[in-house]
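What follows is a pair of complexes built around chain A, which joins chain B in one and chain C in the other.
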Partner chain A sequence: MFFAGFDEKIANLQAQIHTHETQLNSLKRQLATVEFEAAQSSIQQRPPTYPSTSSASHTAYENHDPHDMSFGFPEDWQAETLAALSASNPPALQRWPLGKEEYKRYGRQLIMPEVGLKGQLALKASKVLIVGAGGLGCPAAAYLAGAGVGTLGLVDGDTVEESNLHRQIMHGTGRVGMGKVNSAIVGLTSLNPNVKYVPHRAHLTAESSLDIVDQYDLVLDCTDNPASRYLISDTCVLLSKPLVSASALRTDGQLMVLNNPPRPPGDSSGGPCYRCVFPKPPPPESVTSCGEGGILGPVVGVMGVLQALEAIKIISSGSLKLGTSDKEMKNHTNGNSAKDSTAQPPSLLMFSAFSPQPFRTIRLRSRKLSCPACSAQATITSETLLSGSLDYVQFCGTTHPVQILNAKERISATEYAAVREEEVVLKEMSFAQPPGHVLVDVREKVQWELAALDGAINIPFSKIASTKVPIKADEMGSKTPNRVGVESEAFWLQELRSLPTDQTMFVVCRLGNDSQLAVRKFKELGLDHDGTRAIKDIQNGLLAWRRDVDTDFPDY
Partner chain B sequence: MASAKAPANHFSVLYFAAASSFTSKNSEHLKAPLKASELFAALERQYPGFKEKVLNSCALTVNLQYVDLDEEGDRNITIQEGDEVAIIPPVSSG
Partner chain C sequence: MAAEVDPAEVQTEQEEDVEVIPLTVEFSGGLEMLFADKKVHAIGLPAKTPDGKASNIAFLVDQVCEHLMEDDRKELFIQDDSVRPGILVLINDADWELEGEEKYEVKKGDKIMFVSTLHGG
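Our next item is the complex of A and B:
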């Protein structure tokens, strides 16, 4: 009785905390949206802060961002100064090539011979497109915005998820659920409000890519799939834009500067394109995403930062014809081919974070003679791209969820929960022990250690997949699987063979694909004892278990 | 990466990304000399399914130089004792 009062108080407080947390999250989301809108409206309202030294439109932002405690001058002071600078003095009479605040902000890179005034003006005049605002795009965008590129375009159709935050550093907890492009612009505006940010809130497609890329001088491929990589590369070749391409998975990364110098298809002095290096896409079932394979934040971060560095090197070297769309470029045949020769020979930088030699540089070839995109025999044109006759998704192939078992070989998570329940009841009610069942969890050990179901045993799928099926029994004239001539059987297999054959075997994994392949393999290995033992797959694995049975099971 | 020097009459092969997952190795030593055009077939014998699932889309390098197996000149390159070969699958995620 005495404790009942406490219980009630505790429950009451917990309920209050829950209500306030929900409210707080909603407020954070609203704040992020308003911050974004504020950033957007200041693009439109604000007159140019600094004298424009180039054709690039250069627009300043007001310092709206409440997170930014250090940036900028007092607004009234700034407005006064600006009025004095830009209204009374026409740009031609401007004393210094950069604005006062720009000298300060970019001072540490301005005093380097690699950048200098010329490099900074080139950065300011440049328009860079970042495709993908994720693990590569976030750090790349941050450093390019910080360095003072004039215009930064961002392409992405995704929204921010909690599982992105460990590596996608321009997003934030309060912006989960917001579009990635909008979220990144909030963060970038806080970092440097003097850059013009252009949102492209959809994934790049064959229909849209030419129009979008044509508005920029240089492209960063920060995407996460083969189809986008080929599309972006083809588009950059067609529009003569250099491309800085990077990728990362688990502990490895790759970086290439492609189509540099940027030359039209058929010009063998141009740099190789993505197709020259990787002419054939990997088979779709072998393509691993960061969601499946995992990714370490600093690994993808390093690659994104290197992309920003390569972009800054190209822009500040002055080799690009800035602010000219491809159409204009064709009218300016005077070109600057002499400067193009300063482009470094094409290379592929490989990063292996856990290797004693983490960086390796591979010297690439020039354009491939038979390349369908950039060689003299090129078949990919603006027309084929726009007509949709090049199906990038089909070229790279698509995977379908595994579906190799019949209905009898599968069981839903709810049905399996009932099996477990029933066994508990039977054990409590009678002295006779029910035969019970075996639950085999085929996730890799590292995932198994995160969380697993009680009573399960772990046999990682990689071990199952690499175990060879011995020659079929009947081919050897014997009923039992013949193990003669096979080196000692895998330990996991011996372990499963030693289990009582009247126990049903259930197989589970994270999503329900590997578990089906495992059921098939177990049967090929004779673990079903010619049908004596039932072996069943738990449909959609632990995903379904969490969804339908135990919502507390960790979602990772 | 165990890129220890290859023993006499051998060269090293380094496996990256998907190639490393498929072979469960970061590197190994193979018998030299071997023609570049014969490398994938030799690896396929050792790891059935390797060619179809991984090698066909990979970049191949010998001593940090890209080798284009579609070109006659490169196909005839002989991998020599002590050479370092790398199998580089495209990584596309990010």
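Our next item is the complex of A and C:
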């Protein structure tokens, strides 16, 4: 803990130094440009002695173009003259609505009617909050920073891990161990130093969410768990902020724009919230994380990019009242807040990378009349949120490590290593032929192929789980026999039944949960021969094997 | 998980003359793992329930669970006699709440989809 505190401080300072250095460099460049232009301007006022380096901007004196209508007058002088003639002209420093660098940087999107000057100004005035700086948050942040939003807030309490890098593209190998928010800001600053980045270096909580979200105009939910999703949605409803929510797992992704238009609770013309679509959280055991289920980088990347796109669509449409939590209301949209027609009917976009039809949109319901968050009967208020009476983690439930076997049915990785060792010794001494044991690895085939222990056999847990336990004759009573009972037994089961029954059976998996369920199932299927064969689970599976026995065993 | 096999029995008994509604049932978001890793299933649903009512989504869910599901872990699909929380039921690409939920009476060629919500990010 002591060292971790230092690491965190060092990482924070490094990130800050890097951010400031980048900003400093950018300022130096800007200063150099302005100094150069000032020098040019003063030179031009002392014609005709100009240096040859003046090819950069003011060309009035160089290359006397026959079509030049300035008749040799420097542009600045013309501007000054015009300004004097027309008092309504903006001062020379603010001649154009955007800075010179902004025209260049955003030129390719500025010339599109979907953005244009108005859209760009709206982006510049907007403040966007990204909750989660991971697989969704990284690409979303990159595109929003690139597009030139004014302020980008990032919320995350995690640190960068090596296993994040294949998809969390704003982090880097050199920043493993650094806080994700700091690491992302390093990457984002190098991409676009003109955006104001606001770090929130902790996970969002019911106590902090109102304060944080209130500083922004629009929120992107880039988190990875149901509890955060409910909390973010509730907060957005209470503060009338539109929410772009996405998620991804394996080869699939889902995207919803919620609370859009962002009307107050009770206004049925507002868009539905997360609770309207999912009134009850899923059972925790059905929630699979990317760490357990896997995730393909571009799949979550596509979803994050789509979130950025939806955010840009909402902001550049001008339908948001930007900065409404500020005392003075900025109104870049000509007060035209009735333009909610830009909000599309609620829908869920589903992406399935390996499907012949990878993108599909389905229609969602509108606000639910009994929704506890956004209806007239809403029970979720700022007060209930702040009081901590809403326990989001409890609401969504938590999974506990599987613990269904008794101590006799389990063996530690070290004890199992001793069993293997002893068998080798006995075989060498050759005066006693040990019965040996059988090691069943119940990880899925794709994991088994990554690395496995010598002599193990692979029976994927999905096959075990889908095998039904036949109803015993005495339990059947008058009921019709289960149709599975009459079918021939699964091949893997026949294989295990054919093994000598004096061999102890050990079962192993990645973490030690599935292996326990498998032991229980093997016994239900009668593989223990009414207790004559021992079937044991290796506690904490290959995780423990690597930790306590063989540190070289691959960690994936 | 007591074996409630009565509907199956009814179905087989009437197989000769029973009217069947052809449907497409699709599973997504990981639910396909409970159904032999197959996403799209073309099925025929009896037009009437055992007690003579027009077949609706509730009956379909019951039948899907009984005859299509390969996995033993029914609780990953059904809880409290209904589709578990976190699964969206879509009737022809629309949230079933727009169509009457469980009471929607299925029609020939309907596409019913079960989508598990994802949470990773």
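In this section, the second predicted complex is superposed on the first by the 435 of 556 C-alpha atoms of A that agree within 3 Å, B and C clash if a C-alpha of one lies under 4 Å from a C-alpha of the other, contacts with A are read in each partner's own complex, and residues count from 1 in each chain.
As a convention for this text, a residue touches a chain if its C-beta (ideal position, glycine included) is under 8 Å from a C-beta of that chain, and two chains touch if they have at least 3 such contacts.
All values reported here derive from a predicted model rather than from experimental measurement.
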{"item": "Fit or clash between chain C and chain B when superposed on chain A", "value": "clash"}
{"item": "Touched partner set for A:356, first chain B, second chain C, both or neither", "value": "first"}
{"item": "Touching partner for A:310 - first (chain B), second (chain C), both, neither", "value": "neither"}
{"item": "First (chain B), second (chain C), both or neither touched by A:102", "value": "neither"}
{"item": "Partner chain in contact with A:369 - chain B first, chain C second, else both or neither", "value": "first"}
{"item": "Touching partner for A:467 - first (chain B), second (chain C), both, neither", "value": "second"}
{"item": "First (chain B), second (chain C), both or neither touched by A:224", "value": "both"}
{"item": "Partner chain(s) touched by A:246 [first = chain B, second = chain C, both, neither]", "value": "both"}
{"item": "Contact residues of chain A, present in both the chain B and the chain C interface", "value": "132, 134-136, 222-226, 229, 246-250, 252-254, 277-283, 285-290, 293, 295, 300, 348, 350, 352, 355, 360-365, 462, 466"}
{"item": "Residue ranges of chain A touching chain B (in the complex, touch as defined)", "value": "132, 134-136, 222-226, 229, 246-250, 252-254, 277-283, 285-290, 293, 295, 300, 303-304, 348, 350, 352, 355-357, 360-365, 368-370, 462, 466"}
{"item": "Chain A partner contacts - residues on chain B that touch it in the complex", "value": "1, 3, 16-18, 24, 26, 52-54, 56-57, 59, 61, 64-66, 68, 70-71, 86, 88-94"}
{"item": "Chain A partner contacts - residues on chain C that touch it in the complex", "value": "3, 5-6, 8-9, 28-30, 33, 36, 39, 70-73, 75-76, 79, 84-88, 90, 93-95, 97-98, 113, 115-121"}
{"item": "Chain C-facing residues of chain A, complex", "value": "132, 134-137, 221-226, 229, 246-250, 252-254, 277-283, 285-290, 293, 295, 300, 348, 350, 352, 355, 360-365, 462, 465-469, 471, 479-480, 482-483"}
